[in-house]
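Shared between the two complexes below is subunit A, which pairs with subunit B and subunit C, respectively.
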Partner chain A sequence: MEKNNPEEFKVPFSPLLIGRYKMIKKIGKGSYGSVYKVEDIKDRKTATTPDSPKKYFAVKKMKLPANRLKIQGIDFTTLREINILQEIKHENIIPLVDVFHINRSTFMVMELMKSDLSKLMFSRTITLTIPHIKCIMLQIFYGLKELHKNWIIHRDLTPNNLLISEDGVLKFSDFGLSRFFASNNRPMTQNVVTLHYRAPEILFGANYYGPQIDIFSAGCILGGLLLRGTLFCGRNDIDQMSQIFKIMGTPSEETWEGVTNLPHYVEFEETPPQSFRILFPGIDEDLANLLEGLLVLDPNKRLTVEQCINHPFFNKSPDSCDPDELPMDDIS
Partner chain B sequence: MALRAFKAPKFETYEQIVQEENQNLRYCFENQLLSIDPKQRSEVTKYTKQNKRLRLVRKFMIDWVTYLAKKSNLTLLTIQVSIIYIDKLFSHLPVRHIEQEKYLWGVVAVLLSSKYNEILPNAIKLKHLQKVSKRAAFPSALVKDHEQRLLKYIKWEIWAKPPLFYYETFCNKFHPEIDKAFLENLRIYCDLALRVDELQKCGYFTQFLACAILSCDRNNYKKSNFEMLIDIFQVSINDIEHCVRILTQLDTTEYQKYCPRSKKRASVSQRREQRIYCNDSRSKRTYRQNLKCYLKKKAPSVCSERSLSRENLARERNEKTNKTELNSFAIFYQTEQNESHTSSSALGGERSSTKLSNWKKFKVLKEKSNDGNSQSISQHSW
Partner chain C sequence: KEDEYFEKKSSQNPSTSLNDGHAPCDTNSAKPEKLCSERAQKYRRIIINFMINLSAKIGNKDDNTLFVAIQLFLIYTSKVKISVKNIQLVACTCMIIAQKYLEIQINCMQDFVLLSKKKFTSRCIIKCEKKILKKLKFKCEAYPSANKFVRLFCDILDIPDPIICDIQ
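Moving on to the complex of A and B:
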């Protein structure tokens, strides 16, 4: 079966990386570069027993436009990603095993994960119950708590960047856009976060924002888990804003102080906010409250990570399931 | 026609400084300090294990990095990150290897730190760096190659949080309750702790050093502030005590070093060279002279002599006034001067006018305090 897919065996460099990692197959591709499954040969050589299990890792080969490499050397996004992964050691953040450089390409060796959240979220064959959703969301909040505690904003929180191990442990990955938010009062770029998970303050072109943008993305993920799809599916910035305001209501100076002063502020047709209990009939009142708290338009009124973790939704029965109880076997 | 002999650029010769250093080094606590085994061994400790020559190369490289960063309008935080990278390089590579290519390593450190710290439009570009480095301009391929080598040597451990980062994030932004004068001193000490390699002999991280120096500072010390700092920096009091013990020895030597009794006048070539090293092109002072000035001007614990002389002057002028008033004025003047210095340096204001205004302020306060007790003046000034 594998032979039929030419992409999987297309390895652009020597199959043995730095004499240690044996290339097995290509497992992913994105704007950042490509991901390969590798086997650690050194580990096998040093193993005491011959029957010891093989150790597999994922190697991320960072892609870089040729002209940028010519001019600037190693990409700054790669440097920042390495920096953050080295700094934070947490159960819900993917660990960085090794980094090396071959022929102008940077490789990051990371733990091999089974899947990502998008597969679990968009799969029609998997049933996600409230305990499953609680388990996933709590893991997201624990990861975010660790990041925000270390003054880091992820800035690209999407289901594709949340990887799940075989044990059901959810881990944050792709820190290419992350940055420290406490270092200075320096302006921040607006070209962050995937459009469908982008907070309204970024869509309005705010130059100064905080960890609340990650909370909004988490709210979009929670909505997506309930909807089994994308909650706000806009085609461009304006469309995205209109999608958000259809549900959350149009912002005004009363509901969001200072919104009219934002650089790209556009006045939308007035629409009242909708209740999530109407949008998702049959959901718990606490869950609806949590969703509302996560998706509040005014970033200052949005819930913090700690408030999310201590939310009554998570303290109420049914309790959250254990990570290994997540339906990982059903993922193709 | 006689051909003019080719002259190599003078920038590289620091052998003369080595000789000068050896002449000035009359005291040496090095052996004593290195025999101490601090609990927390860091990269800095590895570095201190290396020889005296390294200190000179490091000093030179810091000057070079500062020069490059200033020309490129990079922030102080970026300079500090590049100094950390240089220190990391020293801990992984012998000095003789770095010494041969010290300019290149400096350029690479600045490039890497700007990528790490600066936001995208401000991040330095290789072309600009070549323009700035003038004589020491290197082909971009070489810089890129060394960038990879540097990362390989430091094992991709690019994590670098200089003390200024702690100051900016935790103290300045999230703890506004800490005194401004205290914070300003902390910033200065953080900077000094990283730049003066003498202070790094203790083998402690810079935040330990900053805390230790602050704990010795009589003028701005406050228990509550100090406790908060310990919380922020996550350092233990035992370590600070140990650090202070070493620093008390270093402090005296530092003072002697920067204020030697008899110093030979440098030759013309040496002076020219010093001008090139110098960070402040207008005043044409060497780094060490700058530092001496820096220590005298800003650090109150170090410039005790100067402040004392001012106190005496004030005493002579106001002989008629009683002793209690004089003491309170001296304290008031000293603290106000610290505060006004920070504000005036930021706004570019006149320092001479502050003295008068302080005296006026003091008079107003004195009048007010006539109603109450006299102690309120000193309490206010503190």
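Moving on to the complex of A and C:
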């Protein structure tokens, strides 16, 4: 079909990328660059029947480094993201189809997803029941389990980075900040994770942290799903800390061993920890227990992924629903 | 200031300057040859020497960076014919890729240009980087590097862990 109509390619808004992907429209923009919806043309040419369904993909165009004078080549976050995505194949992690260069930009071809979790979370028309929340959280934990099994910390777990496919399957994306944490003592940077989902040990400037920071982010997401908003919504680092401690209680040497030795440790006015059953009236004991376990301040006392998956909250009725039962109709 | 510093530092190691007297590198010129051939063995020794020195000068914090860079270099040169003129460029680019992948602090490209006595420009590095990544299919750590093999070997045979990388 495309052969008969060569003028179609000359339209400036739908150029062909490396002679294979036809750009259709822009669907997203972020700090990393922009995302376009594309159609795979090569696939249709090789297909035997002309009526075979069109194949759509999402192409992520990585932004060039901001400073044009200081040329750095391919951005290091892109390099790490590609490396990590190539290594993991899992149902809950976004598959990478292709990578290519055009001039100085890098393009990553990925599966096209319908929406992300933040749209579901902040939507005013959707009701999330306990089975829905169970389904979402279990999928997050399955994805995290696969990552932690491969010695990878995601380091940017927010609802914006959890994409949802048409069948309601949650997929992790945006691995630009991820890294391996296997058995070496390299210090780690503190400039990770969106502020509202940042774990207290990073806020205190710990040089070494582990996969527990992902668990804390997951706890913030669970809180957000119950609250239908952001659980800890600080304006800056200090405000963020005070909001966390208002609910979880201020840390001391008894509750968190070694907290006073952390580089950016600040003493806060002492507040006792609050019960989640008062904050969220109507939730049952197991859910409050899980939430508390995810948001424990001391990273060594926080639940691990296995403990989360086997938590009694998920075994109790009502059972978690199937992914395709998630309410997806109103979001685009 | 930086110029002088690097000049002084690199002049201490005369063996590292590989192609003295040659014109600045062009990625597409000169006769290519595979580096794994027998004739090229002496270049291999010199270039790995150069990479060890380079790693010490740019101050890599991680032991793995050097080994991953060498591994990338060896795999790329076994797949692609490169001219002797360009060996240094490819070595520097491999180091940059390894550094981007593993290190927290990344040196700017101009550092590498200065450390190799301005044999190439940073634009050459970017071109070369794309070629290498395309050839290796963006796999940086998928191949086992020498230090990891030695660690595993010692672990299995119960030999105390040797100090593998002590150049700093």
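Rule of thumb we're sticking to: the second predicted complex is superposed on the first by the 312 of 332 C-alpha atoms of A that agree within 3 Å, B and C clash if a C-alpha of one lies under 4 Å from a C-alpha of the other, contacts with A are read in each partner's own complex, and residues count from 1 in each chain.
Quick note on the criterion: a contact is a pair of C-beta atoms (placed from the backbone, for glycine too) under 8 Å apart; a residue touches a chain by one contact, two chains touch by 3 or more.
Just so you know, these numbers come straight off a predicted model, no measurement behind them.
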Combined model on subunit A: subunit C and subunit B, fit or clash: clash
Contacts of A:Trp151 with subunit B and subunit C, given as first, second, both or neither: first
Subunit B versus subunit C as contact partner of A:Val266, first or second or both or neither: neither
First, second, both or neither for A:Ile18, with subunit B first and subunit C second: neither
Partner chain(s) touched by A:Cys233 [first = subunit B, second = subunit C, both, neither]: neither
Touching partner for A:Val99 - first (subunit B), second (subunit C), both, neither: both
Touched partner set for A:Ile74, first subunit B, second subunit C, both or neither: both
Selected from 74-82, 200-208, 236-244 or 362-370: the stretch of subunit B that, after superposition, runs into subunit C: 74-82
Overlap of the subunit B and subunit C footprints on subunit A, listed as residue numbers: 71-74, 76, 79-80, 82-83, 86-87, 99, 101, 184, 186-189
Contacting residues of subunit B [partner subunit A, same complex]: 75, 77, 111-112, 115-116, 119-120, 123, 125-127, 140, 143-144, 147-148, 151-152, 156-159, 165, 168-170, 173-174
Residues on subunit A engaged by subunit C in the complex (per definition of touch): 70-74, 76, 79-80, 82-83, 86-87, 99, 101, 104, 184, 186-189
Touching residues (chain side subunit C, partner subunit A) in the complex: 61-62, 64, 96-97, 100-101, 104, 106, 108-109, 122-123, 125-126, 129-130, 133-134, 137-142
Residues of subunit A touching subunit B in the complex: 71-74, 76, 79-80, 82-83, 86-87, 99-101, 151, 180, 182-184, 186-189
